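The first chain written gets the first letter, and so on, giving A, B, C and D; residue counts start at 1 in each chain.
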Amino acid sequence: MKGKMQGVTLVADWAPKPGFKLGAKDLEGRQTYLGSQVWKDPRIEMREYDIPTPGPEEVLLEVKACGICGSDVHMAQAEPDGYIFYPGLTGFPCILGHEFSGVVVEAGKNAFDKRTNKAFKGGEPVTSEEMLWCAQCRPCADGQPNHCERLDEVGFNVNGAYAKYMVLPSRTLWSLEPLRKLYKGDDIFIAGSLIEPTSVAYNAVIERGGGIRPGDRVVILGGGPIGLAACAILKRAGASQVIISEPQEERTKLALQIGADYAINPFKEDFAERVLEITEGMGADLFMEATGLPTVVYPGIERVIWEGRTLNSRIVVTARAEAKMPVTGEVLQVRRASIIGAQGHSGHGNFPRVIECMASGMDMTRISTKKVSLEEIPANILKLQADRSQCKITYVAS
Amino acid sequence: MKGKMQGVTLVADWAPKPGFKLGAKDLEGRQTYLGSQVWKDPRIEMREYDIPTPGPEEVLLEVKACGICGSDVHMAQAEPDGYIFYPGLTGFPCILGHEFSGVVVEAGKNAFDKRTNKAFKGGEPVTSEEMLWCAQCRPCADGQPNHCERLDEVGFNVNGAYAKYMVLPSRTLWSLEPLRKLYKGDDIFIAGSLIEPTSVAYNAVIERGGGIRPGDRVVILGGGPIGLAACAILKRAGASQVIISEPQEERTKLALQIGADYAINPFKEDFAERVLEITEGMGADLFMEATGLPTVVYPGIERVIWEGRTLNSRIVVTARAEAKMPVTGEVLQVRRASIIGAQGHSGHGNFPRVIECMASGMDMTRISTKKVSLEEIPANILKLQADRSQCKITYVAS
Amino acid sequence: MKGKMQGVTLVADWAPKPGFKLGAKDLEGRQTYLGSQVWKDPRIEMREYDIPTPGPEEVLLEVKACGICGSDVHMAQAEPDGYIFYPGLTGFPCILGHEFSGVVVEAGKNAFDKRTNKAFKGGEPVTSEEMLWCAQCRPCADGQPNHCERLDEVGFNVNGAYAKYMVLPSRTLWSLEPLRKLYKGDDIFIAGSLIEPTSVAYNAVIERGGGIRPGDRVVILGGGPIGLAACAILKRAGASQVIISEPQEERTKLALQIGADYAINPFKEDFAERVLEITEGMGADLFMEATGLPTVVYPGIERVIWEGRTLNSRIVVTARAEAKMPVTGEVLQVRRASIIGAQGHSGHGNFPRVIECMASGMDMTRISTKKVSLEEIPANILKLQADRSQCKITYVAS
Amino acid sequence: MKGKMQGVTLVADWAPKPGFKLGAKDLEGRQTYLGSQVWKDPRIEMREYDIPTPGPEEVLLEVKACGICGSDVHMAQAEPDGYIFYPGLTGFPCILGHEFSGVVVEAGKNAFDKRTNKAFKGGEPVTSEEMLWCAQCRPCADGQPNHCERLDEVGFNVNGAYAKYMVLPSRTLWSLEPLRKLYKGDDIFIAGSLIEPTSVAYNAVIERGGGIRPGDRVVILGGGPIGLAACAILKRAGASQVIISEPQEERTKLALQIGADYAINPFKEDFAERVLEITEGMGADLFMEATGLPTVVYPGIERVIWEGRTLNSRIVVTARAEAKMPVTGEVLQVRRASIIGAQGHSGHGNFPRVIECMASGMDMTRISTKKVSLEEIPANILKLQADRSQCKITYVAS
């Protein structure tokens, strides 16, 4: 397909901080694994691009919906010294947008549809993993695509979904056909754009956390999109009590709609006491840290485990943070507990199972609290730097 | 407590078949592991007993409800040669009844309530495991009470619940306090009497079958109480599609009310074709054999696995049967599948989790389709030999 | 690299049996998933080829060693009606040879060495998986490359190692550098050529069978290369008793050298009785069926489980067979046992762990009982149709 | 059996610190869960006792050997304020000694031998778990005896093995018969006395740490008896590289004899650098913290994980410590790692598997570096307060 399109593009200046050395995957002036060490003065520009052409194993997608993620905000946000907030893999300029859905327009001859077990056909509604795992490094060969040593990321160092079209390898695409029965109109694509963040939560609590047994109790700390998705998934997995800890009232309400049974406002209540009260002294089988403030919340989690009677509690650390949690080994020992790091969303059957959950009634679309057009994306990314009142803002293509 | 009580008692004659030898746990004239090899001319008698007295680690229970189980029927049922149907551990005469709930009346001084972590107090509503594991054999020490080498069984070789009172060791009791919030009046005890069969299903699909991940598909073969409980548990565990295969219409209806999404009548439809159709060619992650006719149903399961695309399917064989299934290793290999034997309900946190499931909304009481008095039990046990129209008949104490 | 080379080539005639239909991956006249349904009159020819050229993600290998596998024998062997024995994926004419090692000669610019995390360099000693998983189908995306829906197989439908050179994708290659410390001269390559079959055993007993805990007991049925490798792996995994059941004396001796503690000759002794005797009535935690005669051996396995006291026994069915085993569900139930199908060797960290085992002392080279030149391969493949006295015949490049 | 015997008895004064409150299991003047908060002025006395009489489920043992444990030392050792070091469950006066073996002299009529599945007979050589789990609390019913809510401990609040005889419940006993083939004379009992500490290590690395796959790499921090046992177990489990980190030379030598492949002296070398060097940049799959100084060693472990390439590393925290480790969640996330608390040795088939390991060649007797008589025990306990040169001092009955 020929033609031009607009893309919401993150632009920044390559200005490595003193002492920065190019890493194995870094490309001088173009790409780094350590964004906040290198990129200065970020700005969002609407730029014009040629509509891209898919290679033999690739697909051209018409974008239908794309959620704005916190990392979009952090790439566009500068510290007082001008360096961007976002610490990870980045290659600018880049069209942002990585929580998306769309429709297949064209496909390379070896682009293969996992749903049909045949070549991709135009018209297939799809979403994609954001992580373009390489399929040839040691972690990929071992079945660990979330830890690919040659990773590319859509909307970070590869052009993303804040545009009319985009190109993707077929191996990270997943069909949204199963959603058709339950979701009508745009909703299939809004649901589709929520599969990526929901899969991050699914990977954290089910794959990494080991899931739960029906009747177990769980506590989710942090009511952002990932925490909310965890509420929905764990309620669906049979939790007898899903407890959300979140200070903001709008998010608490969403959590209670989507799966939580109890809400704690940690600014107004004693977190540990409330959990022990709700669970009648039992504590919880699974804790999910999704606040990004582990040093703040860890002591409360530890107190619930120590004073509660539940054995084998797992604490899944999901929100990325480099702060050092003060961990008492004795508590893990006496209660047979463990702490587990979780990252990513790819592999392990995560995407197809999240799609089946949505197809059979786990409706995440209500966390998309605002819809915007392509032109409105830049302003909304900037607004999110300060205003946390919307849970998920979604670009819906007109 | 002093006094007399009536007990629905199974009586039979000790008449070992030729060649029978006393086993390790057998007691001449009193008890055997191989019921159908030994006991002849069974009859149910209403006999009078002293109200029993609990030992130091025991509890006296006032029985509130008790479901009639198929094994009750089979103990009272004779083959044409006069020997009983039931093949397992039996010691007659014995008061039957092992799916029960009641209230603590008296407790020995070392009888310990797992809920409060203190001595038992009168008034506590409880249910019990039917398996009185010994806590000192090798399997018990290893954490495998369902395979206790010195097992006693309530209502089989130890007096059961078809009476006003009964005595039990505290270690197999579980409090029903958590049910109070959701169940009112007799319902707490009817729910309580269903915990034992529900835990058999829970042990089969969750502990032995390994559970499922939210979004997985499951097929339950057989709509008896165990199969129905599996439907409820697996729907709660997040199955995207729960399929019941059952010829009888009343049970199919119950299955659909309690958790199944689709029903197959294997007498009228091709089982394998329907499963593949419903799942759009995927097959299922978990199959539960609960018909007792594994040789009949196995080929259909195998065909679904072979023709379906799902990997890692598990077939949990739950209903006891000594028939030989024709198993093709190649099917297990090509689809990475496995066959798993399941037995019992004790240990592994099964009972407390089933109680939490019920306390948070998994309502099993609707499978109790008929209530009877103590006096009506014998006639109803006999009626169940021929009439399968009631799903679960429950004795409710007046 | 330019030039010519000789390749030991399997040639056969495309003559589908009546009723055969082309499957999804079949190619008229060229390739089928069901070899024995299609290919007639097989013959081995030494043919001349151009030295192949690697693509951007590929590597050109100089072959150093390659073991002859039973499937090589079965592709070249005809039933009385002329059709080949081998039932699986085949595309002829094809250079055979899939258990190999070699040295990297040239590499495409995106061919990536998992060991160094960098581009491949000439001189690297390597082996390869035989299964060229596609990395884009549903099983591959889910981490199940052994069940790839678009599989190619080296030496079956893609040219193999019975030649001087061969081309392979970098993603299935594994460096043999770790072997250098312990293996000298040709031995590094002979060891390297045994990694593929050893990984089949590793995948069966460790990945699929779940491994063992140190102190567990194991029984291996069948002393072919896969069964022998299982003896070595499970001894290394800490089995207290490794029992091999194998009628042939040479293989029994190898088994005892390589890891087995006890040998049973099932033609001369009662298999079940001997296992129960050796284990003092305990039975075994893991059984590996590697005879290809599951219907013959299953009743003995079942008897050991039934009469033994071990719970949680796993039976791993490894040798491919379509015969129907007579499986008693009750035995699986009473002993908490399971039957598990195993296929393939890829993924799950199998190859790198087998390499580390070999590098730290698990010496498999002694099962290579005969070395041959390229020219001698055809005669040796044919000889193996009748003569089972050699355990593994290895082509070693001069 | 009638008569008198001497017992090495720990005596101390009940003098609770200000603010101490009696806990659920505490008994005024007699027993507490928090030893170091209550007991003052400890002294070891040789006291005279009646030979005890076994109850119906108990056994009278003639003690044959018993190792001195660090907790014996800490019960007898006072801080400057006079309070004992040992922080846990204690009831004084009490005969110490909990790592022991002996021979059955008398048995109650319901005392059951797990080996024979029959009543205990005199002459059976046995060892015992130190943890007398109650078999009726919630954790015991769930299969978690190491977390029993009504625990008694031999040699802590129940009379132990520093005497000629002792009484024990049959459920915690394990036969040493399997050791007879390999161990002669006293060695069967010395080996037997090492089963308890070896099972602590086994429970930590195999049950809690999840074990390893053959070919994995492991690092043990701390060369005390538990760390040394871990070296032996993990080598046996197939580790390709076992690395011990220990400053003391004698212990390093023992580690290298017993299973370690490499030793690091963390006082003289950079721990993290050395591990990365030995493993060629890979790091390790399993770390066992057995130093008791987690805050000191954790940063080094974290650096190995961060800079190494291994995914899914598990850090098993075994040595009890209440210090707070500084844990970076990001490291756990990026490397898919986890931290696991381990406590105890009971259940999960730990004891019988350790016995099978020893019976098949895992010889732990060499860590018993000194033998003493009953009379010499007190002086040796006191000597160990300052002198760490002996690895394990064993009382051997004459």
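Convention: contacts are C-beta pairs under 8 Å (C-beta built on N, C-alpha and C of every residue); 3 or more make two chains touch, one makes a residue touch a chain.
Note that the structure is predicted; figures quoted are calculated from it, not measured.
Chain A maps onto chain D through a rotation of 180 degrees [Cα fit, steps of 5, range 0 to 180]. Each of B-C and A-B has its own count of C-beta contacts, and the greater count is at B-C.
Rounded to a whole number, the gap between the C-alpha centres of chain A and chain B is 43 angstrom. The residues of chain C that reach two or more other chains are 117, 138, 142, 144, 149, 309, 349, 352, listed in rising order. For chain D in complex with chain C, the touching residues are 117, 202, 206, 211, 213-217, 233, 236-238, 240-241, 261, 309, 349, 352-357, 359-360, 362.
For chain A in complex with chain D, the residues that touch the partner chain are 138-139, 142, 144, 146-147, 149, 208, 289, 294, 309, 311-312, 317-343.
Chain D contributes residues 24, 57, 112, 114, 117-118, 134-138, 140-145, 149-150, 169-172, 346-349, 351-352 to its touches with chain B in the complex.
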